[in-house]
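Just below sit the structures, each encoded as structure tokens.
Each of the next two complexes has chain A plus one other chain: chain B in the first, chain C in the second.
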Partner chain A sequence: MFSRSLRVLGARANRRTLSACYLRARGLSTTLNLQTESVTNHNAPVGESITAQSNVMPIYLDAQATTPLDPRVLDVMMPYMTENYGNPHSRTHKYGWETEKAVDIAREQIANLIGAHPKEIIFTSGATESNNTSIKGVARFYKGKKNHIITTQTEHKCILDSCRVLQEEGFEVTYLPVNKGGIIDLNELKGAIRPTTVLVSIMAVNNEIGVVQDLKEIGKICRENRVFFHTDGAQAAGKIALNVNDMNIDLMSISGHKLYGPKGIGALYVRRRPRVRLEPIITGGGQERGIRSGTVPSSLVVGMGAAAALSARELDYDYQHISKLSRRLIDGIQSRVSHVVRNGDPNHIYPGCVNLSFSFVEGESLLMALKNVALSSGSACTSASLEPSYVLRALGAEDDMAHSSIRFGLGRFTTESEVDYVVDNVQAHVTRLREMSPLWEMYQEGIDLKSIQWSQH
Partner chain B sequence: MSVAFTRSTAGLVRAQLQRLRTSHLSSTPVASLSVFALRSSFSLCASSRLYRFRQTAAAFSTSAIPAKDVTVTFIEPDGNEVKATGEEGTNLMELAHENDVDLEGACEGACACSTCHVILPDNIYDRLPEPSDEENDMLDLAFGLTDTSRLGCQVMLSPEMEGMRIKLPSATRNFYVDGAKPSHH
Partner chain C sequence: MSTKQSQILHLYRSSLRAAQRFETYNFRKYFYRRTHDRFHTMRNETDSRQVEKAMAEARAELEVMQRQGILNKMFSHNRTVIESDPHYASGARRFAV
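The block that comes next holds the complex of A and B.
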């Protein structure tokens, strides 16, 4: 075999070139390209597609879905993916001690972001797991004595689904409505609390429309009534100032990849004084205070910690940068395009999440038209289902407005020129799509669209 | 006088325990009695001193402070009920060990494990002072935790607990799924 390849080469070859040449002679690649070679891609497009093959990526304006990994976070993570590979729970050798120390530092960084004690931070696989653990865990622990949970109609699907699962188990759940701006009514919350209420779960910043609830007041009401207060802080942590003690928060879910950290990691804050008890959903060796057993992924944790530390340090700067871009985007679009509605109360909103409804234009078609911009209509989680966003429905938006909404997500790395490009394109495409729209034609003729009886088909 | 000799095996065990403890004693005077004395690992010595005083007092029958007996019932996971009588101030884990109740105590009362986890009735639980952070941290790791759970080694018998029914959880963090039972020291 070797002699055959030598004859083919006709030259003196040393061991290194021989092995590479041997592979090439056999028609095998010299690199291990697992992504393309070992798996058949059943989703590959049939014909040639220029955009699929080009190296140009669209402008990223989907910060609520995920955020890019901050290069400084990657720097911190690299040693823990290469040399420091020890299991942080290995108590007997240096690999374990080093990794445990790094995990402890990350725990403290995340605790500092929200004003907690490091012992109160539990690492999970993400905010979905944190939400599941807190809601199902707290409810099931106090099952004997208390069986009522309060949440809102605009929560993330993992919270609503956990509540639905608990309803199957015999719990009662109150889904609080929101006003047209997306904010809950505090008097309604007070009225909904019963002696058997165990938990109130209200998200800090909504992922679809960006509204910020009044956490301090909600926390006060919950503390007065001795009810646990859980908040989904996935979109809020690192973006707005949070303090679990000032806001009387007992449980909080945090997501790593929403604050420029890695995907696959999250945290759950569980208050120690007064102690919050919960039944864990993942049991085993008792890691993470028994609340979440399993090896803590040190490289991801270290990354999340670094991301949290960076966000804490740059919170004000990022907020100002994003506010400026947000103003530029909204003013640009609203001054050039008519009949654009911003969903969400503008006085209680996070500027980085801009949800606009363009009347008489279908959201999906506008998304596809803006093919050089990565956007979303509704949220990434509802994109698989065909229903229009339940968050927009809760705001009282009619189906047609719910279908025509687009969410622009601005982040730390978004630039002014990107925003300007988007504004120009939105104006061009909305104008074009409206010219094609029969609804726009009817509106211009003065027909009241609400008076039309559409036939069912 | 009668306390140490009325029950044969329990008394022997207790005498042995007491002998072990006296070897660590200092000669400082006995701490004052308090009804719901919460024991931490630091006050282990204090209650041992109390114990020695009791023993001495019982031996001479001239104590100024009467040694009160409290009877409680342990309900084991299989439903078996064991009545146990102990002196005021004994912690529940010791009481269980003296009466051959199936309660583990891996760290022997140092508040460093969760194997002596017991479930108390609501009314008694509410009247006890709040558990310390250390006890709560250990309780977090206990199997079958409830909202009236305590570590047996941190709860001291008191006259108010007369007739209390203490439930044992079905398992502990030690995996004796094969039915093995831990041996008492």
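The block that comes next holds the complex of A and C.
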């Protein structure tokens, strides 16, 4: 199928006729809805949104929520979604053998990304399942002898919720506070460890503010005290250098769709030397070392492996590109808009996650105004509720700053033009919203807002 | 120009053209920039084995980009806000429909 198209490509055929005759030959519609609706002039007044049209999409700046599927990953997945549909656990025929080989290669690719052995990788349905399995599984296995867990206040909801469930089962959980920059205090961690502590769970890169914890030091402390160290590496894998042996990590969760891979797949790294035992959450036929039974979704696994291999190869290049864009975004906004605060310690931060608080502007209204940019305030998990994000509250941000924060997520595919567009739009909208804000007016007149006695109605 | 050099140039130009054929703005820009940077980093490489390896990788990537370019065209019908704005993006492709 493709060779025919490639031959036509080689003959320098007009691309339009190539695709048209290709599609007609297969009885498909030849009218792709490309530009049937002409794109309106969006140099029109600020506030008008051309994304009201059906096929115009906003600029994507939400890489922490999810990332687009890299075409190179899709290319590797395609055979396993068409021809090679065998169950990798079928031992008796070629369909099974070939798929099993592909799954093994993917396992190795993911292991190489984090410096692990392929046998230590378990495939799950995502980082949430990996987090649940590791925390609940390890805690329940060692329940008789140890019953204390340490985590932080800025963890992902699935970890906080798993700890809450364990608390109801009789465990004790310590939630470590973070400093204003979002980093935990290592002395506090040392002080919190008891003889009955079984697990410490601290995420590598925070999904809301992007701070990077000092994994090496935390790992060292945990190893000295013979406590298991679990880290949620969903936002970190493939973005910063990780090595489970250097950092003394015993368990790590990885998410496929944060790595430019498919959604619905994740991995859990479980150390074998020294062995980490855990009780499985999903039991059945004993697949994946008994830790996660169920047919391994070969197409998704192959995609995640390819994404991991790609990330390992492109790590430096992507990091440089994203750092450049991040600098451009932050400098651009801070030089044109006053009273903008970046949340998170700038010395320990992943550049692709930029969380800014704009004073005197409400975050939701700024999000609504920036209709042509796909952004988020807080994480996707908590954006349904109207509460300010618990992560920002843990940083000690006051309520008004927590409410006015926006998260810009830069990724591999973001371009400089998109960043420039966003900077210009942010400047325009923040200025406009501040002009409408009475608080801004009062601030300009020199009134100290904290001294105001607001009347109750 | 030696045959090796002309081969590399042909590969480079084909890769750039394949990158330009993506419908999705972000992929098009990324693959164009990536191809350009990959070839430029290998520019001053003298070890012939490294060059051969890089060329083999480049050929494989070219095939992937060609296939995915076609697939992208078959399934995409969205435009990004920035594509048609001349002030920001030179989003125009070489072979605009």
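What to note about this one:
Just so it is clear, the second predicted complex is superposed on the first by the 399 of 457 C-alpha atoms of A that agree within 3 Å, B and C clash if a C-alpha of one lies under 4 Å from a C-alpha of the other, contacts with A are read in each partner's own complex, and residues count from 1 in each chain.
Quick note on the criterion: a residue touches a chain if its C-beta (ideal position, glycine included) is under 8 Å from a C-beta of that chain, and two chains touch if they have at least 3 such contacts.
All figures in this text were calculated on a predicted structure; none of them were measured in a lab.
In the superposition on chain A, A:Arg273 contacts chain B only, with no contact to chain C.
In the superposed model, A:Thr414 makes contact with chain C only, not with chain B. Residue contacts after overlaying the shared chain place A:Gly286 against chain B, while chain C stays out of touching range.
Legend: residue contacts after superposition of the two complexes on their common chain; A:Arg164 is shown touching neither chain B nor chain C. One of chain B and chain C touches more residues of chain A, and that partner is C. Taken together, the two complexes place no residue of chain A in contact with both chain B and chain C.
Every residue of chain A that touches chain C in the complex is listed here, in rising order: 2, 5-6, 9, 15-16, 19, 22-23, 32-35, 39, 42-43, 50-51, 55-60, 68, 71-72, 74-75, 317, 372, 412-415, 417-418, 420-421. Those residues of chain B whose C-beta lies close enough to touch chain A in the complex are 133, 136-137, 140-142, 145-147, 173. Chain A meets chain B in the complex at residues 119, 141-142, 144-145, 272-273, 275, 277, 279, 286, 289-291. Of all residues in chain C, only 21-22, 25-27, 29-31, 34, 37, 61, 64-68, 70-74, 77-85, 87-90, 95, 97 touch chain A in the complex they form.
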